[in-house]
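I have a structure here, written as structure tokens, and I will follow up with some questions on it.
Going by the order they are written in, the chains are A, B, C, D and E; count residues from 1 in each one.
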Amino acid sequence: MHRWGCFATLLLACGHACFASSAPQPPQHGEDLLVTDNQIGRYGGTLVLAQRSEPKTLNPVTAADAPSREVIGRLTADLIHINRWTQNTEPALAKAWSVSNDGRVFTVKLRHGLRFSDGQPFDADDVVFSFQVYLDENVHSPQRDLLVVGGKPIKVQKIDQYSVRFTLAQPYAAAERIFDSLAMMPRHLLERPYKAGQFAQALTLNTPPAEIAGMGPFRVKQYIPGQRIVLERNPFYWKADRSKNRLPYLDELVFLFVGNEDAQAIRFQAGETDIISRLSAENYALLSKDVATRGTDFFDLGPSLEYDFLVFNLNDLRSKNLDSIAAKQAWFQAVKFRQAVSSAIDRDSIVKLVYTGHGAALWGNVSPSNKLWTDQMLPHTPYSLDRARELLKSEGFSWRSDGQLIDRQGVAVEFSVITSTSNAQRMKMATLIQDDLGKLGMNVHVVPLEFRALLDRVFQTYDYEASIMALGGGDADPNPEMNVWLSNGGTHLWRLGEARPATDWEALIDQLMQKQMVQLKYKERKHLYDQAQEIIAANVPFVFLATPNILVGARKNLGNFKPAILDPNTLWNVEQLYFIPGNGARPGEKP
Amino acid sequence: MTCAHSSCASALLRIHGLTVRYAASQEQSSPALVGVEFDIRRGETVGILGESGSGKSTLALSILGLLPVSTNITGSMLFENKDLLQFDESAWGTVRGTRIAMIFQDPGLSLSPVMRVGDQIAEVLRAHRPGPRKVRKQQVEAILRDVGLSQGDRIYGAYPHQLSGGELHRVAIAQALSCRPDVVIADEPTQSLDATRQAEILDVLREVNRKFGCAIIFITHNPALLAGFADRVIVMYAGRIVEEGPVPQVFRQPLHPYTKGLLQLVPASLQDPDRTRGQHLPALPGSLSHSDRSTRGCIFESRCFARTELCQSESPREVVPEEGRRVSCFNYEN
Amino acid sequence: MRKKQKIVAALMLLVALHLAILLAGFIAPYNPATQNRDFPFVPPTRFHFADARGHFHLRPFIYQWTVRPEGFNEYEEARGREYPVQFFVRGPEYTIAGLVRSDVHLFGVEGPARIFLAGSDGFGRDQFSRIMYGGQISLAAGLLATGISLFLGLLVGCISGFYGSWIDESAMRLVELFLVLPWLYLLLAVRSFLPLHISPTQTFFLLVAVIGTIGWARPARLVRGIVLSAKGRKYVTASRGFGATDSYILRRHVLPHTYGVLLTQAALLVPQYIVAEVTLSFLGLGVSEPVSSWGNLLANLQQYNVLASYWWMFAPALALVIISLGYLKVANAIHERLQSDSI
Amino acid sequence: MKYLERRVIHGLLLLIGVSILCFALSAAAPGNFFDEMKLNPQISPSTVAGLRARYGFDQPLVWRYGHWVESVLRGEWGYSFAYNCPVRSLLLVRARNTLILTGLATLLAWLIAVPLGVWTANRRGRWDDRLSMASTSLLLSVPELVIALVLLYWAVRIHTLPVGGMASVDFGGLGVQAKLFDLALHLVVPVTTLVLASLPLLVRHIRASMIEVLQAPFVQAARAHGIGGARLLFRYALPAAANPLSSLLGLSVGALLSGSLLVEVITGWPGLGPLLLDAALARDIYVVVGAVMASTLFMIFGGILADILLVAVDPRVRLGKV
Amino acid sequence: MRIEETARHALKPALAKAAGLSKRYVQRAPFSYKSFVIDALVDVEFDIAPASLTALVGESGSGKSTLARCLAMLEKADRGEIWFEGKEVSRSSDRELKALRPKIQMVFQDSAGALNPGFTAAQIIAEPLEVQRRESGARLHSRACELMEEVGLSPNWADRRPLEFSGGQRQRLAIARAIALKPAFLILDESVSGLDLSTQAQILNLLLDLQKAHSLTYLLISHDLGLVGQIADFVAVMQQGKIVEQGPRREVFANPRHHHTRELLASVRLLRSNFRTAQAGGR
């Protein structure tokens, strides 16, 4: 057994010896370090946290899953970064940028003298190379679509060693936000595989650490399949604190792979991990019971940006041979029907029973914690069965003597709601909604489906009547949401891929969203987006339900710990995190 | 009850009033053995004669303490003046196989099919005579030679199914004799063999008895086997001893009607010129299972050719018609 | 004698349990789907005989639970008013076996108090009622699916063991195939071909069919072994000597040997199949809300917070253990009897 | 070796059958690996379609199967979409971890079950036998899942056991002994679960076989020769019960790779379980097919092992006299 | 091998006959190429006269049982012919076999194993009748009771199961079952060897009675020459798959040709003479 262990360690750590030491390098002359204004910490320590699954790849261009992106985010850096705390953009590898008056040309000045984690210098060539890869159609990067503005890819030009020009085909509001999380990659390591057409296979988990380099605060030290990935300090990281201490403070960052949320909670409770992100409400309640004894802190950061909603299938079913569903679409298409459903859903119960109070009811797509874009004027339809009945009555619905709701033709209103079995919260919502709508005389069936089977129905076969899903949670800006609201968008869930807007209000939303996208002034843009939100809320294509609060836990002795609403909630400032010395140190800590 | 032998004080094994009742038996009232009593002296050969169901095997198992724990046993079994019935499992370990050993009916079944026969003999030695392996192997080979198996090596390494019937019997004898027991109980050891092999096995047993001086209790249903082999014969019927005496006397002049019946079963000769085709063989009427075990009278009454009124109502007492003999039959009372 | 008593005792227990579950409507005080949203995860109601003033009551009474002001899902008894436990009370309407319609329940209390014999779940639904009703589906499905599995297993096992040679070889390969196939995918595929909404009855038969057909491989293997040894018996040869056909020999001489194993298998499979519903629900093939089944009740235990905080959520597991112990006992007893009969 | 040749050919046929069915099933299951991207508003449908085409999803099933066979012949066992690497390298490490867990659990289960089964068979009907039968009945009726969760909860409460995973974070820096100790601590919960789950059936089978053997005449004979106690039970009776037990052991071995999925997922053991579950749900089909093939191999191997064992223990089989 | 004196019987055609019968068992151990070859029958020539009692003697493993099973059509020989009632039957079709079966019946050695322990006595006896559809329903049961009576068993025991009977009674059950179909030819494979002397005599007497009543032909297989020698008309001796001696009993006993027969006879005689001597009072 021992031999086996040695073998694996040997295999994965073989590159380690030829690496430069990971002790922080002293600042060098001409190095344009970014100075942070956090509390000055202390070097040392290993931060351990758990992830739902292991990263599948270390390749920032092809990675599509959250666990991979979480790890890659610590290994890489972007030009312009969204500060998770302020939700605003700030310079990162770019020292500064300027925008032309028409908003189409971005000129980015890079920091001088920065180096990748393997000690090689970083300059405009790396930036141009990185964008070349992202934009290459053959690489199939999920991020590519982000970089296609107005149907044309962004043009990238090197001006000199430390400046790059980006040209957009049309004005694009908050274009600088696109740069967030676009990792800058080392040309010296990746150009060869890229030219050989092997880019997708480069930077896998089996790649020796010596062949991986990034601009992030950490670099790969060791990967043990199925168990954990260990990152160590990037000695060349480009941030320093006020005392000119090069960040990060932590020696190592360890991601454990722990299959489910419950197991993660158990690990955290047992003290095996230092931070737990996105704790479920139930476990938050359970774990925060014994805060006092365990040296841990729990934070309720308030509502997330995600929105849970009920969506009715309004897709064009003519070619699909789904007559029974098509027959029901007459109800779903009636705005008053949807409004009645919305009124009859007891959102407070959802918040209370599903999120144990750690969530917020929603009436629109923008969460109350979205500092820039929440529409304060959005009406909150109160929970009212009477209003729901009124609405139904005015739409021609009536009730049989046994309380069953029937439509004009006397057909009993009965439909099913699909929901993913892997999401306990949404399953619960479905059960509550079923009960709520039952009071209206609607016969609702809950149909739990495995996640991909559900996606197949929603995106492919359209064989469903209503579905409970969730979207959002990425950026606070409206632009990434465009494809949800544009009638021809790929995520326009209630009616996918419309050639023309099917209704007037959808046409109106299209206009508003298109306008806000090119509007560079925040105030104007906010106004447009508010209007869109109001139209959405009034026509209820999605019956918005609730949003969970972001709940996290961490050791008490973690310095500079500042969890945020935006993803990654806890590690966004990982380079600033440090262990406050004292009696709260991790048990079994190496000196 | 009386002791048939004058020299009973010197008995090696002395069984007294042994009554055995199986707990799970269907007929709860009828014991498998009733008041059995006899002695075995050092070095003698005793035949126990009876049909199947007469209690012979129960007797053998009880002497070795192998009856199920739930069995109800009364009486006493004195072996060297120690009562075997009081023994616990560990005390039995010092007797079974080493002082009293048994040769089973069918060696094909009584030898483990998955062990080499040599090892099986060695196991018996190991259990009673601890010593180095090598020595044990030599001992086993010596014992095998004693029972007439000269190819010690081949036999030692063979599995039971690789040996012939005769060889298996010899192995079984060797196994029983490996610790030079004082008493060997042989339970119908020749039944499945043809006449030639039967004779050989009897020779071996006779030889063993002569050489090692161990007493042999030979259980059989065939009186012919006892002739010229056993010193004494005990005839059993339905769990009771009905007659006992030296083989020559009993065979010459059987007393109990049952003994008479058994003796006449042995065919006169191979070519009986008088016997016509299809003529019946001499046979005992009825069968043991017909006997009413709960009767107050003689247990053999229903099959007896000499029964009287008395036989139905009273059970006969044991009488000693002459020195060294006893019989339970009204014909000989008074 | 003793053996017979054992069987009778175990059988009586099983019959009583099944009867109770059949009469779920009458025994359960509430409708299993009724939510009490103010009372999620209420612990089992406590019965009292002595009230706050120290008076002794002959009729047990309960107190209403109220939410403790601080703390999440924590309750205390409202000592203000006693609610005596009543028998044969009127409550929600129910039907038994689709025949008898009634609204009389074995026991209950006056509203607004609620009697939660086994606590309540996350929606404030009475868990005891859910267990009783859930048992109807789970036990019936478990038994029926076991029947199918054993029937198929018996069929394949008999044919394979009896005819031997290539039939046996290919049947055993088929068994192995069934043991390793990624059923998940097949079930997902099955689900996608089914209509969107499947009624509880359809779901029930689906469960039965799916579990039953997947599970035949193991019993088939066991049956084959027994058939192999049974067909080598002398009396089978004797029977051939009379000119007995294969089917006669199978029917009269071979099959009876398999009964013991089949029974034991049945006792093992029923609880396994009840638990299997948890997996199937995950694939969208289980009974869905608000209908309860032991499978989806047990699934609650998969959540750590439920496991760690609400001990009464183990009640369905207990019910399953009791039932399957009953089955095992019966199987053991019958098996023993069969053994003592034959040898 | 005639026998082995036949077994190997049968095994190969089985493997081919399994692989074909796996492919057919995976094609029939709704959805595919790239579907999840559709939920991301920032990824366009055409990108998803491009990715699908890249991995041959626009090709007929037969073509994909052919490609897969080719990659099996190259020793890659297919390609994981999620990990962007050959399946074999993914499976090997995790299969090793699974084997550490299940090997130990199976070993322990047998080490406990054999003496217990033998002992209770010998003590049939007495109090200790009844106790053992009652507790195995109880264990049989408790679902594995519940056992695992309760043990895990217990581990959290007592604070001395790790509550998941295979090694502590500082594992790499430990000495050999400390490493083994660390591993042992992590093994406690999953191994106990597996042992408790598999023990009752084993004990019952062993007990039943032993009861049969203990009634055999040669056991009685051995007793008559003064051989008793453990020697009688283990030297005489147990080998004679080898026939049913060796096939039971074959089944145990056959289930080494596939028998611990649930427990691994719950206790976070880095074996095939979590990988397979993830892959199955994400429709990373080649990983699933690979894992299924691996467990088929084990089953075939288990069957052969059972026969070898039987031959080793039972000379009648060895010499062709059954 | 044929003996002149059988001319008398040769006039009547043999009821059953084996010609050049050979059977070889090849067993292969799982992990080796080596195979074990057992020649159970080697060119066996064998005649059975109608209404006679032929004793087949030989030690265990000599091939007696194989010969019996081949004659009973329970096993197929590799080579050679079997004639029954003047017809070659060894290559009969299934249907022909079914018609033939009732005429040839077999009684096995191990009566406990050859009777299904789960059946009652009546069911056991009725089985052949049921299989051949000779009787059904209540007639089946009453016929079984008649047969029980015929073999000396009380019909009161019809509902008992085999294990409640003694060895001799079980053998009677087996015989009753075998004669249920009124066969012409009865093969008794070591049918009396497990029994004690008194029971053996009773069973043999029963067989003699049945022979008289139904004009049966017997093939009585035994390892005990002394026993079967008492009643047999013909004796055949087998050794290692070959018939080394066959002929009328008197002929064989008086003038054994093969040394194996001679040895066997000598041992039987020795045992007998010992006994006679003892009875006569000598030692």
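Operating definition for what follows: a contact is a pair of C-beta atoms (placed from the backbone, for glycine too) under 8 Å apart; a residue touches a chain by one contact, two chains touch by 3 or more.
If you're wondering where the values come from, they're calculated on a predicted model, not measured in any experiment.
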Worksheet entry | Most widely separated chain from subunit E, with each centre as the mean of CA atoms | A
Item to complete: Kindly work out which chain lies most centrally, taking the average of its C-alpha atoms as its position.
Response: D
Fill in: Cα-centroid distance, subunit C relative to subunit E, in whole angstrom
56
Worksheet item: Cα centroid separation between subunit D and subunit E, in whole Å?
Response: 53
Fill in: Residues of subunit D whose C-beta touches two or more other chains
29-31, 156, 319, 321
Discussion item. For subunit B, give me the residues that contact two or more of the other chains.
Written reply: none
Worksheet entry | Sites on subunit E at which at least two other chains make contact | none
Worksheet entry | Residues of subunit E defined as touching subunit C within the complex | 72-74, 97-98, 101-102, 104-106, 108, 110, 113-118, 127-128, 131-132, 161, 177, 181
Item to complete: Note which residues of subunit A are touching subunit C in the complex, please.
Response: 262-263, 265-266, 280, 282-283, 285-286, 325, 346, 349, 352-353, 356-357, 416, 418, 421-422, 424, 427-428, 430-432, 434-435, 445-450, 452-453, 456-457, 461, 463-465
Worksheet item: Of all residues in subunit C, which touch subunit E in the complex?
Response: 233-235, 237-245, 248, 252-253, 256, 341-343
Worksheet item: Okay, in this complex, where on subunit D does subunit C touch?
Response: 10, 13-14, 17-18, 21-22, 25-26, 28-31, 133, 137-138, 140-143, 145-146, 149-150, 153, 156, 201, 244, 247, 258, 280, 288-289, 292, 295-296, 299-300
Response to the item:
Residue set of subunit E touching subunit B in the complex reads 57-61, 166-169, 193-199, 201-202, 204-205, 208, 211-212, 223-227, 229-231, 233, 249-250, 253-254, 263-272, 274-275, 277-283
